[in-house]
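Dropping the structures in below, format is structure tokens.
Each of the two complexes below includes subunit A, the first together with subunit B, the second together with subunit C.
The block that comes next holds the complex of A and B.
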């Protein structure tokens, strides 16, 4: 009865206020989109069961977080045990793009993951449905600057999505799930929950970023 | 208790939870449910701890949550397996009873909720009864932190299971959530009053951390109201009638500062805009007016208004769905501003701090600017209110400053803003010069953004009244005070310092001048506008007119030129009109000259000269003549005696150099000469008197080389070679005798130089002039004359050559001599070339000795 338990994968979505974290999650989990902006208060999750290519059943527990600091008063204890982290920006908001690195750093500091070097991140640029003239000028170049920067760069798979028009959302989360699963298996191999504290982290290089860019 | 203690306690708790939950999992895998529940109860016991901060407690909660999740998944799987065999399995019902035998209330209730919600998730449970039971049981925990987390757990577990299939279910669910919210709010507020009063600040901090737990209920409410669908259901009115009143009653009644601030923030943030539009009146008048009197409302108002503004901008961005149009209609009819204003009038009867007034009104201005762009009355209302209700002493000007600046930055038409009577009145009450200047600069920048400033005299008055402070600004710095702090520019021979900023402001004022009615076709009116600005404003600070008058003069001159060229064929009355304009222009230049002759005479000279050119082109000989006379006056009064421009002093002057670094007098003569040379419409006698006078000036210069060069250049004035304008038929002024006289005179001067090299240089320069006149048909400067000059030069060179026995290439004099020789031979080459082209005839370039 307990042998074929579904794997629970914990995913954290981070990014500046208003980039569309909640919308992405809502679109992925409930196929819904609302024009109304509602700030996220605190952190909460939605779950969704999906089946990966290899017929593997997983449950994604996706944590949507508050971009505004004043709505995150209890801290970020829920980062613990995360298997993948999604860094979001808004393609019309340059500041949100530039803040990706600090969100990543904040996550690594707070989450206490065993393999900060190889922890799976993914970058999602949301709102590609908007008019071209509203987008960040020479976005691809700036994005490349950020992702290719060898010094502490964010060399992660990038997806450009529209939560509003459901473009690329599914594809992005599929990659999220695969990466999270890989991380989860890595953690299992390193020892299970109880002995967590006594285990030295063993860095095993993942086989590159097989996911690639979805755009 | 110190931090490290609580940290180690936390670590202890966490590892115990880990350990017990590991044991629980093992028991579950061994199908030993009872033992598993015991371990579960064990780790849940950790949540009974008191010594941890809310953040630390949250860490325990997260760990517990994950472990309970494991249990729930396991129970659900077991249930499903049993359910397959027997659809009536009492497994979870029994379990729901069973866990209630747990000894301590906190573990008991967590397990109750875990099992209860699992049961509900089977879709086979008496959902309503379980929900009611769970929420009732939660009352059993009255310790605020534990109670809050327990209820948070309930709300987190049940959020995806809340029944909203029917209207009844929906109502029940809403009641459930509101109930949970009310209870959590009570626990949260009560926490403030626990413990010793010295710990009040600590309690406050803890409550701040806990706030999101309370807010989460409202988030769920918002979600549920969105999700429910029914034929007769309208989310907005449901919210308005059944949710909003209950929530705000709680908010008002708790009287708690933190709770009110936070909850209103949350209400504004998580419910959609249209909900706020329809409840706005109640929100403002029922809620905001009844809050804790010490609470600052400005921030809440600003949050609300910013939300509306974002909404409005988003609407404008999209503007594609019909749905949007409907909403747009809804709030224009609502008259947002009036709604807020009505509220504000009530608010002012209460004791509200000044800063509050300022920021509230600033939000109102933003609101009005976004929603009713063209409604100036709203702003006037605000300014009127401030002027009437706050005495000058009360006004801390700095906090009111933004009330004036924000609209300047956002308004399309600056002049319509400045016309608001109370804007002016309010502005006048700002007495701090710095603030006035800040406002002026904002206005100036705004004006610069515009391509054209369309205005009549009245509007000019309005605009420049605000710029006057910049015009009047003194350009003198207190040097000792400012030195090293502000970047400065030296002016007036380094005797004065001005800041870059000052110069930029002056130049910006000039740019504004250029924009006044820029595209208007009423040219005379344009002139009168500019003259008006000068008369009424610019000359209020005579020290600074040197920065603005040149622009004024040039602008007027350009317009006059246009007017004149368009109407070139007209005469009589029109000409008189034009002449009058020139006379007025002359007055302006005179004024500039009067006040700035010491350092800026050459500038004035140039302005006069520009006028002569335009006047001549428009065929106004009397004016042209007058302006040339003005030039002569400037020359005689200041430039001739070496005044009028500072920068030449102290620079080394090379007498050999005919182009640069010459005396200011020589430069001035050349400037005038150039313009005279292009004058074509003066009567012969006038022209003759002017050029004679100028030549005379030249002959009186101090230095031989300046004299010589002035005179031979003046020769050109007596020998016109072209008409300059193609379709003009005027008799060319040619006086061969006077040309020859000039050349003779300059030769004499050159010959009288003591320096033989300078003498030689001047001879060669004169030779070049002679060639020009010869080529252009002056028969008195004939071949013989030129040949004589060439011979003279050869002789001079030979004399000098004899001085050089040693051909020392390092010797400066020798090098100078060589360069003169080269100059001469280039001239001879030129003669040969001209001969080949048959423009020169019998000039002998070889030495004939």
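The block that comes next holds the complex of A and C.
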């Protein structure tokens, strides 16, 4: 099939329940929005072809996940081979901001990526269309605090978006694509055979063992 | 050389007409094509009505016979009038791919000429029984006689026959046939010729033996071609026929068509913008084609129903499942019945409102038919054992009053306790509940907001063109609640559901709200619409569903593991394929199992399915057999088309709202019965054998009707509600 020639980039969207993961994905892929996307159960993905600056064609496979924390233990089934992880919070919900680090940690544990130190993460604060008075007070300071102290001080790109009004969504995913492509090329260079890893993960999972550790 | 004359022995026939290089296409894969001869032959002392029309596979002919057939193919052209005697063609569909029917047994013959989408012309023979024999395709470009004929025509500048028709193998066959029988063109379907029609048939002029259903154009609908352009349409038609034709043998196995050896039109299909758009995913074409194949299969099954009105679906499925394992009685029991009506239900009770039939009888009845909406609320109160099955009407009045009191006591635990309500945990729980209540089944009238007043201030600030605000198909109601104030629930029913979930946290202090629980609550609410009853029904329902939500996910993992074992046990081929696709974790069943297929069917169908599952008639874990039924229904398509974890997951996720509940119910019941029989056989064999076959305890537990209860432990200190 023709698609196989294209680069497939796997992106995982994580974040607390209700921050707008499904909405962001739907807005980016299908340019639509609804207040009433049902709570995601399990996982699903949509894909979109995009062309990067250098005329490179890539296909983003974007995985939308459940926000309920306890469902994350199933992530091992589909985090494997991820090229980028999007950490989302809701600019009106401080708890969702405070949870960013645990989402990151959980992802690294479940995905067992080869380069946890420099695996590409991107942070998206969603719902900027709401009134100022509903937003987290001194958001920027808190966010900086979290990235410096909890997220390892790494310079993860940060986007503020509105999935509802389609603000910054495209731009954010363009950066996601670029970062993911770099990661993919890195994996290729290291000769990582993702599919074999994948196989192991499934077997481990089935035998009822705990998920492989991130070290 | 004078014609050789000799008397035919029994078991011998004289070949009157032979066309070489005709094929059966058992699948779309060229590899599976069966090459052979179409012949008309005459046995000893036979009349025209005893003439045999046969398809004989080349592979089944001896070297000698093969030569005779090949010569006979060219007879008419080279003028040879030698008597070609061969042994009588096999007369059973069962012997390989060859078949042979007497003329008198043929009802009609359909001739379909080659067209741009269907490279090869074909002949379909319909028998008096209403059966369609495997379609014979004329590979004219390979047949020496047809090629010779075409060459001759070309030499005389006649590309077309007298009637302007393109010359192909079928026209010749038809011409020969005219010599031996009375052919009448059907008025309903011009490509169909009735063979020696009886007067009755002539009156009806039906192209096939089954009497047309009311509405003469029903025939047209069977092959109605949606969308796309003609090439695709033709390709699809071809698929449909392939499927429809091999009905009896392979009806549910369907469609090899979409593999690498797919005919050209299918390959073109992959490049269609519609397909790429619809697929819209990496290598989406294959997933798309799998869906497409599923749709074709559905249509083929629909059309089959029209041809085989008297054919009971369960016999087919039984064939497929292997009827050696099931008795006819079991199979006939698996049919679906009418839903229980109010009067039937009322008749189950005596004057004091006590059951006068056994619970098992009622459950049997519900399991096989469901209940009608008007009594659903009442029936579910019994199914969920809010009302004991042995209670009298009077008992129930007392129970109701007591439940009412208890509910309000529980509710008061949070509603009158301000301290509790100001804890972080409680506020977090409330937020989670409201967040999900606001997005649960909002398409139902009951849960829509009635008045169109905009409270939201945020929406005023929006200066975005309306196109972007277009709502998705699942949310026709644009009159949303204010998303950023989820506690602002304006719909009174949603409000009550919130109260119920908050109160449930008092009843079950360990679990806490988990996503998916609103999906379980909403159907109960819709059918009962009484806060007290809904609450207690929910608690009962949660007794069995709690294991889906426990913090460490052990309950879900256990079920998926059991399903994994069940698939290995019952559908080994599929399991092998899923293994290749790295999909044996069956992750795509997570959603289906967690909320009992709530997201996979229309709301009414969910109610039907749930009342069946709630009976525990065969197994308290019948939902796993239903899962196996879903897999079995898609087995062929998955095996043929899907190769990778993500493709399988996408295909399975997208089955949502595209599944036929009744078919799946029958299929899963047969799977259960077969499962039970297999366990019986294993147990029996184990009595006599030194080496025992061990069946996993998880599988054995599937035979139990007692619900599996797994409760959440106490919340660890400091743990949130996640």
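Just so we're on the same page, the second predicted complex is superposed on the first by the 174 of 215 C-alpha atoms of A that agree within 3 Å, B and C clash if a C-alpha of one lies under 4 Å from a C-alpha of the other, contacts with A are read in each partner's own complex, and residues count from 1 in each chain.
Here is the rule we go by: a contact is a pair of C-beta atoms (placed from the backbone, for glycine too) under 8 Å apart; a residue touches a chain by one contact, two chains touch by 3 or more.
Nothing here was measured: the structure is a model prediction, and the numbers come from that model.
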| item | value |
| --- | --- |
| First (subunit B), second (subunit C), both or neither touched by A:31 | second |
| Touched partner set for A:75, first subunit B, second subunit C, both or neither | first |
| First, second, both or neither for A:41, with subunit B first and subunit C second | both |
| Which superposed partner A:17 touches (first subunit B, second subunit C, both, neither) | second |
| Which superposed partner A:166 touches (first subunit B, second subunit C, both, neither) | second |
| First (subunit B), second (subunit C), both or neither touched by A:50 | neither |
| Dominant contact partner of subunit A by residue count, subunit C or subunit B | C |
| Subunit B and subunit C footprints on subunit A, overlapping residues | 1-2, 6, 8, 34-39, 41-42, 44, 46-47, 66, 70-71, 73-74, 77-78, 134 |
| Subunit A - residues contacting subunit B, complex | 1-2, 5-6, 8, 34-42, 44, 46-47, 66, 70-75, 77-78, 80-81, 134, 192-194, 196-197 |
| List of subunit B residues in touch with subunit A within their complex | 15, 18-19, 21-22, 28-29, 31, 54-55, 58-59, 61-63, 66, 69, 73-74, 77-78, 81, 156, 159-160, 208-213, 215-216, 218-219, 222, 226, 265-266, 269-274, 310-311, 314, 317-318 |
| Residues of subunit A that touch subunit C when the two form their complex | 1-4, 6, 8, 17-18, 26, 29-39, 41-48, 59, 61, 66-71, 73-74, 77-78, 92, 95, 127, 129-131, 134, 164-166, 195, 198-199, 202, 205-206, 208 |
| Subunit A-touching residues of subunit C, taken from the complex the two chains share | 270-271, 280-286, 428, 432, 435-436, 438-440, 442, 457-458, 461-462, 464, 468-472, 474-475, 477, 480-481, 483-484, 486, 514-516, 518-519, 549-553, 556-557, 561, 564, 582, 584-585, 587-588, 590-591, 594-595, 599, 645-646, 649-650, 653, 720, 722 |
